[in-house]
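The first chain written gets the first letter, and so on, giving A, B, C, D and E; residue counts start at 1 in each chain.
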Amino acid sequence: GNDEKSNSSSNSSSSSAESNASASDHEKLEGKLSGDGSSTVAPIMEAIVEEYSAEQPKVQVSVGVSGTGGGFEKFINGETDFSDASRPIKDEEAAKLKEKGIDYTEMKIAYDGLSIVVNKENTWLKDATVKELKEIWIESGKDKKWSDINSKWPNEKIVYYSPGTESGTYDYFVNDILEGKDIVKSATLSEDDNVLVKGVESDKNAIGYFGFAYYIANKDKLSVVKVDGVEPTHDTIKSGEYTPLSRPLFVYVKNEAVKSNPVMYNFMKYAIDNAGDLAESVGYVRSPDEDYSEDLTKLEALK
Amino acid sequence: MNYLHEDRVKKRMASRLIKNKLLKSFFLGATLLSLVVLAILMYRMISQGHAYLNWDFLTNFSSRFPQNAGIKAALIGSLWLLAVVAPVSLLFGVGAAVYLEEYAKKSKLTTFIQMNISNLAGVPSIVFGLLGLTIFVRMLSLGKSVLAAGFTMSLLILPVIIVASQEAIRAVPKDLREASYGMGATKWQTIVKIVLPSAIPGILTGGILALSRAIGETAPLVVLGIPVIIHFLPEGLLSEFTALPMQIFDWAKRPQEEFQYVAAAGILVLMIVLVIMNSVAIIIRNKFSKRY
Amino acid sequence: MVNNPINNKFSQEDEQPNLKIVSNEAKKTVYQTQNLDLWYGDTHALKGIQLDINENEVTAIIGPSGCGKSTYLKTLNRMVELVPSVRTTGEILYRERNILDKEYAVEELRTKVGMVFQKPNPFPKSIYDNIAYGPRIHGIKNRRILDEIVEKSLRGAAIWDEVKDRLHENAYGLSGGQQQRICIARCLAIEPDVILMDEPTSALDPISTLKVEELVQELKKNYSIIIVTHNMQQAARISDKTAFFLNGEVIEYAATDKIFSNPSDKRTEDYVSGRFG
Amino acid sequence: MPKLLFITALVSVLATVGIVFTLIFETVEFFRRVPFIDYIFGTEWMPFSGTNPTYGILPLIVGTLKVTAIAMAVAVPLGLAAAIYLSEYASESVRKVIKPILEVLAGVPTIVYGFFALTFVTPLLQEIIPGLKIFNALSPGIVVGIMILPTIASLSEDAMSSVPKSMREGALALGSTKLEVALKIVVPAALSGILASAVLGISRAIGETMIVSLAGGATPKFDGQVTDSIQTMTAYIVQVSTGDAGYGTTIYYSIYAVGFTLFIFTLLMNLIAGFISKRFREEY
Amino acid sequence: MVNNPINNKFSQEDEQPNLKIVSNEAKKTVYQTQNLDLWYGDTHALKGIQLDINENEVTAIIGPSGCGKSTYLKTLNRMVELVPSVRTTGEILYRERNILDKEYAVEELRTKVGMVFQKPNPFPKSIYDNIAYGPRIHGIKNRRILDEIVEKSLRGAAIWDEVKDRLHENAYGLSGGQQQRICIARCLAIEPDVILMDEPTSALDPISTLKVEELVQELKKNYSIIIVTHNMQQAARISDKTAFFLNGEVIEYAATDKIFSNPSDKRTEDYVSGRFG
């Protein structure tokens, strides 16, 4: 476990009963915080906020779910204290933050395995190479059939479902699998991951991808595709075996907020201490312990 | 000369009467269809959501566990929203209606204002979201607060309230105004003592219907970026908050299927709120409709 | 244009009907209308009206539909101004002051000149509040004084006994005839000098009509009354003088008896004998 | 007092000014980056393409029009029929029951309809139409039609009810059946009101957001298919608002351009409605 | 209840006014009303009406406001059924068949019994389409036949010359009097047997009134006409027989001359001499 760093308030349990018990040792804080950002990170953040508010009921934490980019937009505008992200910050965004004089710190809080899924009735695509995936998903200027990729596969049009083009998930996929090339035009792009689940679930010729957590929640409705022979599981993602589709999830913290707002420090500390367990509880994968201790060091430095 | 021979008329009479009967059934069917849709809709929501709809659902904040998820923040947030939208939109809506009906002279400006109102009524709600984001959230730095969302929603329903109030004011019989003027009352006295009291049922009915629209609107809130992960209740007009449709939208997007049912339960709560508001409107209307 | 505008106070007295009690002194005029023209937009509704109206008399205005009776009546308290397109020229002197003068505050005028309408139009309030409406808008708040005014006005309108036990019920619960008397009482409550009545009985049944007619006869002791009616028998029964309007003009104006028994103008004769209208 | 009231009346004008003001700056910025001609005549809407983003609005407009057309095909005949029933056939007591129900139906939040379209109507339609995709124009079109049906029914009914009773009596006294009175006298006499209600319906269908976001999909297409995923103008704005248009990117500005286009559409509808009520007004 | 229902055809003929051309044979009846009672909800609006109406005559119905004149008229073509709360007992035989029988299709009845209303109510269509409306619903589509019917009906209503050059203009462009004659023409176009008229001239000016009255006199050659009027002079001028209604009862029914010169009932006398109403 990650117990080395734990103090009285941040033991590995995510049960609210225990959190409440430990809360009594604590001085009650009051204050406000707001964050926004990735929908991928949202379930983890929701878990953190849920547990934290049981501990510190007078601290008001609000988190929007506008996607990684939307979160950064607000972060840049100075509207939020922290921003959830499913990809590292982009150079343009970093530049804008600099322009506005906002210093920030990146924290890794968990890992996500990006899962490729197909319909339950899909009997042909069980395992795919990265090259095949690229071939399937890249825009080639014409409609693609399964048989175009592999002549043994059905002679039917492929139906695509992908997260919204600006989401961190999409970015990651396009960067790592498509190497920056365009995704097929005919793909249905949706910010609502459930829509993707529904889409793939209802069409035999469909393929889609999204965060591991969504796959876990819909395991029985979809089939997952192995990538180069590796199936995404907690272990394969954490160990790095599932490449290249496992990726870290981030929270970007505004330095000024940690410095000037004791509540912010308290919240972030709580978040880092509990992120691993809470991430697993909602279907993600905990980061290696070094990551969390590094985060904590950074946080202490900001205080 | 006789064109309408008696037997000719008689002969056609039968087919005319049958046509009348047939189309009447079609018209009735079309009318009932909307009732059927409403019934199916309610049935679906109830059958999907009833299991989650209990006291805990109303008193819990949302949660990552579907069985613990509750609607407290959204329900109270929506009530806060209502507390801003109702006074603001009624004040400005009724004020504008009184001005247009009682004071405005027939001028180009008046025609322009009137045209503008009917145009505004047709502007999609999502565009109001863009307006609110730019003006209230950012320019006036109200943030994603109850006030910013309240102002946005007020503008959204303002045209509806103005038009309903204008109609209610217009429906006050001319008789009553004349009687009041005839006794030497000033215009303002007549408006306050005669016109508005008589128009109030109409204004309130229209107003409540408009407010229920404000309660159910999602798109502007999405554009404003109203947060959904929130475990506290608003403490003031500048607090951040979440609202029923936002919470439902969020649940509907969750990966676990159970959240679909939680969303349905949320929809039930929203619908109950709306039915209560509508019933109030109907009671007001029936209670006051036979006044003159 | 005006045919026989008999405004002469003395000649008129000679023609007073014998049955009515006629005071021997010359009546004072309350209204003098001089060269009044009125347009609704392009419609020329009143044409060169000349008409003097006496104090403490009942003056009837008769004529076929659309001849301008109501318009004239509403000009006397400037209610006609509620129609935006109205334009007037000429003068109407009320107690020697020109009311068409914009300086003349209409609120003041209308406090002195009460009006009763064709359809009873009580406010959707209690009987009490209906009567107290006028005094209240003129600033009377004292409950005792209001009580007194209400009682006096209702008595004046001969309806006190019928409603005294339900002053706080809605006036809409009353019959048409009672409502009309409430409207008259409401008008009395502002202690007017003149009362204008526009076909006040046309929506009433015969018995209510009779009551209102008696009331009018009673009221003329203290008020000057101008009444528009399409019922010629009614004009004959209750008025002292009658003006016959046609197409916006005063065709004949004289003592009521003369109008009905011996009109000067052929058109008056045609009308009162029912040949048209 | 009149001055104060005048100010309240001005608020609505200010709102319009605010909308135009909000939209215009970002739209201008957008057209600095994307040629106006490409926007207005482009048949490809691919703002997210990493290599070659295109901003041709036509696919979004086509998506919007598909939904609108289907919605009107549902709402106009049914709404009109319901209006005729309520105004010409129904007894007072039936009307008293049905009108409030219609109002409830009109007041159902669009998110509920969206949920309903996705979880009920689409699966139902898929039983009937085999090739129907989970996201399509048909299902949201029908549901938008159901959503505006009460509005059309209620406004048309108002227009019909305000046709003077004397007109009906005149026709009935000539031996007409109720149907003949309705179709030959009342509907023609109320035509301007009926058409105005239809135009209002169109303008609501164009602006409808949540139903199409949830059930229409997110694939802008320039074709005539209704069984495939589409995207409307409003759904695009939602897509970007819930996603992450990086601040200052062309995509960020594009939602204002699309918003402005929507605004122009509603303005147009309003002018048409005004024209209709002038042109077809029957005097009675 | 009914006071003096003088239905006897022979006695009536003796009393026919001298000036009118009276056919010497006994007139046939078109309508026989027997023990008709009618309620609007709880309001007992018609009470035990007994009334026979002759062919090719003008029958006038007079009485004060609210006495049930319009109600009775509307019962004759069952238009009264449009009021949902209406209940009737008794019989009305039209050409020997009981029209109150639910079997009797109202559409058929109303094709034979035309009606003209108080306020002219042309359809908001062209003059031509107004007249052609009736024939069209009976399935006549042939343009030439329609043209013929339109012309004939307009001539019948004495308005052909005034409108022949603008048949395709909206009927609302016409004056009130012209509109009323259009409504009469519209009614003639379905070739009715009886024409019911409810105060058809009360909204008209004197000249239009005269025209309509002349037309009625003309029409009675081919149609049976029943006319409600509040203008007693009008009843006297144009009708052959007159029924006086009061509070839902027929007080007196006799030849018009008798009613106006020598009524049997005191109340009739009071009414026709203008003592109330």
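The rule is short, and it goes like this: contacts are C-beta pairs under 8 Å (C-beta built on N, C-alpha and C of every residue); 3 or more make two chains touch, one makes a residue touch a chain.
In this text, all values refer to a predicted model and were calculated from it rather than measured experimentally.
Taken together, chain A and chain E share the touching chains B, D. More C-beta pairs touch across the B-D interface than across any other pair of chains.
In this assembly, C is the chain whose CA centroid lies farthest from the centroid of chain D.
Mean C-alpha position of chain B lies 50 Å from that of chain E. Mean C-alpha position of chain A lies 84 Å from that of chain C. Computed centre separation for the pair chain C/chain E is 36 angstrom, with centres defined by C-alpha atoms. For chain D, residues touching at least two other chains, in rising order: 177, 180, 214, 241-242.
Contacts with at least two other chains are made by no residue of chain C. Residues of chain B found to touch two or more other chains are 16-17, 225, 252, 260.
Pairwise chain contacts present here: A-B, A-D, B-C, B-D, B-E, C-E, D-E [touch as defined].
In the complex of the two chains, the chain B residues touching chain A come out as 61-64, 138, 143-144, 225-232, 239-240, 242, 250, 252-257, 260. By the touch rule above, chain B contacts chain D in their complex via residues 16-17, 19-20, 23-24, 26-31, 33-35, 37-38, 40-41, 44-45, 91-93, 95-96, 98-100, 103-104, 112-113, 115-120, 122-131, 134-135, 155, 158-159, 162, 188, 209, 212-213, 215-219, 222-223, 225, 245, 248-249, 252, 260, 263-264, 267, 270-271, 274-275, 278, 282.
If you check the complex, the residues on chain E that touch chain D are 77, 79, 82, 84, 106-111, 114-115, 117, 119, 121-125, 133-134, 137-138, 170, 172, 183, 186-187, 190. For chain B in complex with chain C, the residues that touch the partner chain are 105-106, 173, 175-186, 189, 193-194, 197-198, 291-292.
Within the complex formed with chain A, the chain D residues making contact are 46-52, 118, 126, 133-135, 214, 217-219, 229, 239-248, 251-252.
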